[in-house]
């Protein structure tokens, strides 16, 4: 009896930090954000309950275009990261020798330890019209005049892929690592060619890793701020920038909160759809990594 | 005690800070760089706490105070107002008096205008020239309210006058937006800070741009061909102020700092860092020599008298302008 | 494995691709690092010669990073914040690990997923939602009780909370994974050998978790150190390094001193990362 | 009810339920001091649960456990002088061998010198005097095994519990460790309780074996008793290999009789002492392969003795396994019968050959089916 | 060099090195159609490497492999009609049973109906007609095993390779699967090549067994040949249990002689056909426990036949294991000798009893040591 009480007490003690964390730092702030987003400013220091901020959003094509644009670019980045990252992950997990594997994995992680800012900064140094690449190309005679690589959507995509690809590679490597080599060999042994083995065995096996990587990458991309701001050109608006503007330059917390909530809802919806389509659950993907 | 400054990038040169700390050994200066919007946003979030002295522009005080109550009135008796250029002081006072209390005094003033590389764009004159196809892909601007106002002036409107009638103002904004969207193809990129602007200009990636005068002066020091060009319609002038956040905790130190930087010898140091003019009497003479040359190269007396000072922003205008800017940003072009 | 056995043109193509990828990974970092040694006021070509001024010089205009008080102060704040965040999140991560591995309560699986969610909430949103809640609370107390709760205003405390809110997920996952590998019979064995519960925890369970705790602590430290998105909204007058650097870049103008800081951070966090990997590769598990 | 100190361990009607699952079912037994006692049963029969109750990790739902005559109900596990070797040994990987062994001594507050002496002493006794400074992962499987035992033995326990400690080892090592364990028990002269589902381990090492099935003890006895005189069909089937038939008693009395298998094969049997078998009853009949004689060629025609059962059949296949070779004979009624056979490589049986199998009725053990579900 | 289609598989001087490690060393063998061929050897001797070369996953560094008479060097693995059952089966966890089996058929482009028919056909044949829709994790160990085989067999391979497929199963199931595998091979009548380090598996199932050691084949033969007439000391020691002594030949000729073990025990032996043994040579002598007679009481005094060796000793301990019981006898010279013995539970040997052990010189196999390192 007494032992049971002690157990219950320990359980409670263990539960408290978790509950406080989730409640105070995740749940309540988000509820607060939703409530704030439902306030309409009618006059200085006077607010009313209403859906005005959402209506504003719906009425203003700029906003939802930006959201859609952000969403679709995030999807593009996710797809690219997967396409580029998968062969790398496969190489690290399956092709590289034992020692190279560790080294390559480490190499993969190194950019992770440097902040977004520095990475974007590096890209700027490389890509600007008078930057390293343009200069190099001129020097080598490949082009006549300087070329501006910066300030367009393609650069933003490259920069984003760069920032997030590690989050794709890491879960992929860990799932592929868990895959028995004999599974691939069995695929060949039973008559499959390289493509069949990839499509029917490796990819389905790596699905949890793929989905997990995609979720994290998508979320990070959709929520990124620095990279699109610093590398983006005159046409590239990003939804987080929009949120930032609402909060900081327009002091409009109410609609900023509404935007924030919309971003969250939108990305969650995309992820939910992705999970449904791939037949995975959050529990066996992200929670596993 | 600590003096926490919330100020512009170059408004607290290290040299001056050290000098100040030497003079008042018990005061530590902590500087946070910011800009107008962020200053207000930060102070709004903190309810006016966290900083002891802020330096928003003269037009951004009135509305923000009405709306968010983030500043506290100044005790002018603690400031040596006698050294200030009276016209600027009076102007700021007029702009920032609420219920009889004065909230700000002027510090630095400067203009927003244009800058051009004389060699490559010799006859660059007005806001409208940014959109001149001659310079296609070789101009830049900052996507903020200044360019809206500048363009409005260039189109023959008086936006400040329209503040009284927001519908009218909206009309102007719409026109401006159309113009700027059309112009989008002409510009290379929107600059975001002095840094990328300088880089583009110095490297020759662009030949002309909207600019702060201070940036232009700085570049003049690097390349004599790059000069500030006051637009025909008048450069837009701002005055950065000293303002006390509502919950500042080191008012005395703040006053000390204000008086300290108003001293002539310190004005020179400050101006060499900011590139702008201090709002003290005889400010031009206190400029460091190379800046003096730059200013002379840029401004004639006529230009000075043609300055358009930013008017107080009434509530709601920021929202309208913000939306317009978003519209421009989101529009495809170029 | 499979591809290795027959070195074909395909394999060579594959290797070149991998090499190209790693060049892609390294390029911006190398660029950011290399310009720290350029003897020029601007972090850009042309190359003006090698210098260490951006690290050690003590006069304007080439003020080296080790003499730049603001950068140093930013670094100091970053360090303080990262230390708090790392220790807090490791602590809570550990209790979470015990909760989810040992505990048995209704809704456990659902709550486990809830635990993962902060990791996928965009950092900007975490920042603003916490900012909103904190300032609303502070305003409420101010208006109703005339009580100034300064810690709820943007500042180090909120920054720590904001980073903590999603970094804890990382530490929880790492420590949980480790605890799952723990063989419960090890605790029973210790009990069986006469140890009290507290002693078992101290001598068996925690030592077993230690590599994961240290490694996740280092990860937490680094993530906190480099965080921007969440911090941006919560920062008060004590700006950590990333914010200071961003302000420099966006509001003052970048000089190679930023490259120097970048280089310094790259080397520093690279070393830390190595330490963490070294610790995690311990002998006991596998 | 008076404490009987000659028993190191007594369990009285001990039982344990997990919710609706009855893992252990009113089990009673006593274990004399210094003996090697095995609990043998199929997976999931409740062996581990029983052992965990003895060690104190589970609270029995009923019954009493006495160690050295004193009830230990309510005594927490760290206060019981019963040590346990876990299936995967549970050596502490973050400590070296010395620290692993010293752990228990430290917990009980011995002083440093004494710990040192004792640890080296026990390392001597397990014949690994030089490994004190090794890390656990530097040990071989068999060495780990011995360290796990040493770690317990250094505390001088009343009873040592071992839960399938050989389960994780490979075949060859398992064989070697069987003998080793028995020697160690001799060495320490402590009561060992050994859990296994491998009958050969139980038979080879133990003084006494309890066969457990679905939470119950079916029989306790020496290995020979279990093998030669099983009390129940389960024991007969589980311990050692057997041909097993179900059939119906045609005629018989208390001492034996005649049954016919479901396939129609008549078999003479001796009734098992424990159970009464009456005519018409359904029975399980067990005949061990080593008791079946295989008669070839002319021998096939020689008359069998009256108490013997004989069947004619055809060799279906030969399973050569050295000394343990088997022949599978398909009897006239179609079923396969296994018999031990010695195959020397020349003049052996060949598939297709006609043979006669014969065995004594004494070797045909028979159990009534009433217990079956 | 002409294709010989009665051999499903021929390997000629096949070799494989990994850097400096010589994993397989000029191995040659042929496997007749439809036979069950095992490769038996200790861990790390190169079995898997050999099999992977046959399957095409490794390129041999020398030699040739022919399947159905055609060299397959350079043929990629997916083009060889050699299927493989992997040690951990490598069933695809993301597909159900039907898809697993259909995978190979789909790869070779069969149409849907045919695939369906074939899959159900093969499921019939492995006696699991109803599991088509199950997920892999819903199968028991033995069922998985059979699915892994079915997945290969549905493709009608020339040769089926099995790499220790029973290694991961538990004891009882392994026993059962041994017989099952043999039956399946009969069923499909395909050549099976079976890799194992468990001699009992190899002996029970195979038509022919190759014993491999350090990359070389030591002997190929039927299980009986290997067991009764080993060619090398390694084979004698690895296949079946043995008492093993090293000693020195005191006297002898080509047919046999007398050796003395290092402990001073004189042993009569018959020379192994393959090797010449001369006086003074160091030899390994093997005697299997089942060929040692244990004489008790009065029998001890009866004279042994001249070709027999006899030793007096004391029973050290008894290892009761049903039909496979052993007695450990400590001989007069101190060493332990194992002998098979039948323990019935009454009138058995007891520890401490004086006994005499005797065995025929024919059962004492002897190998000269010159090959040893």
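Letters A, B, C, D and E mark the chains as written, and numbering starts fresh at 1 in each.
To be clear about the criterion, contacts are C-beta pairs under 8 Å (C-beta built on N, C-alpha and C of every residue); 3 or more make two chains touch, one makes a residue touch a chain.
Predicted model, so just to flag it, every value in this text is computed and none were measured.
**Q** Fewest touch steps from chain B to chain E?
**A** Between chain B and chain E, the shortest chain-hopping route counts 2.
**Q** Please identify each chain that touches chain A as well as chain B.
**A** Of all the chains present, those in contact with both chain A and chain B are C.
**Q** Among the chains, which one keeps its Cα centre farthest from the Cα centre of chain D?
**A** Farthest chain from chain D, going by C-alpha centroids: B.
**Q** Ranking chain pairs by contacts, what comes out on top?
**A** A-C
**Q** Roughly how far is chain C from chain E, going centre to centre by Cα mean, in whole Å?
**A** 56
**Q** Quick one: report the Å distance separating chain A from chain C, using the average Cα coordinate of each chain.
**A** Chain centroid spacing, chain A to chain C, equals 17 Å.
**Q** Taking each residue of chain E in turn, which ones touch at least two of the other chains?
**A** Residues 57 of chain E touch two or more partner chains.
**Q** Could you check chain B for residues that touch two or more other chains and list them?
**A** 192, 199, 203
**Q** Specify, in ascending order, the residues of chain C that touch 2 or more different other chains.
**A** Chain C, residues with two or more chain partners: 2, 44, 233, 249, 254.
**Q** What residues on chain A touch chain E, complex-wise?
**A** It is residues 180, 182-183, 185-193, 196, 200-201, 204-205, 207 of chain A that touch chain E.
**Q** In the complex, go through chain E and note every residue touching chain A.
**A** 55-57, 76-79, 82-84, 86-88, 90, 92-95, 103-104, 106-108, 151-152, 155
**Q** Any idea which chain B residues touch chain C in the complex?
**A** For this pair, the touching residues of chain B are 4, 6, 8-10, 14-15, 30-35, 42, 45-47, 49-51, 192-195, 198-199, 202-203, 247.
**Q** Can you name the residues of chain C that touch chain B in the complex?
**A** 42, 44, 60, 63, 69-70, 73, 131, 135, 138-139, 142, 148, 150, 153-155, 233, 236-239, 247-254
**Q** Can you list the chain A residues touching chain B in their complex?
**A** Going by the criterion above, the answer is residues 44-45, 60, 62-63, 65-66, 128-130, 146, 148, 150-151, 229, 233-235, 237, 242, 245-252.
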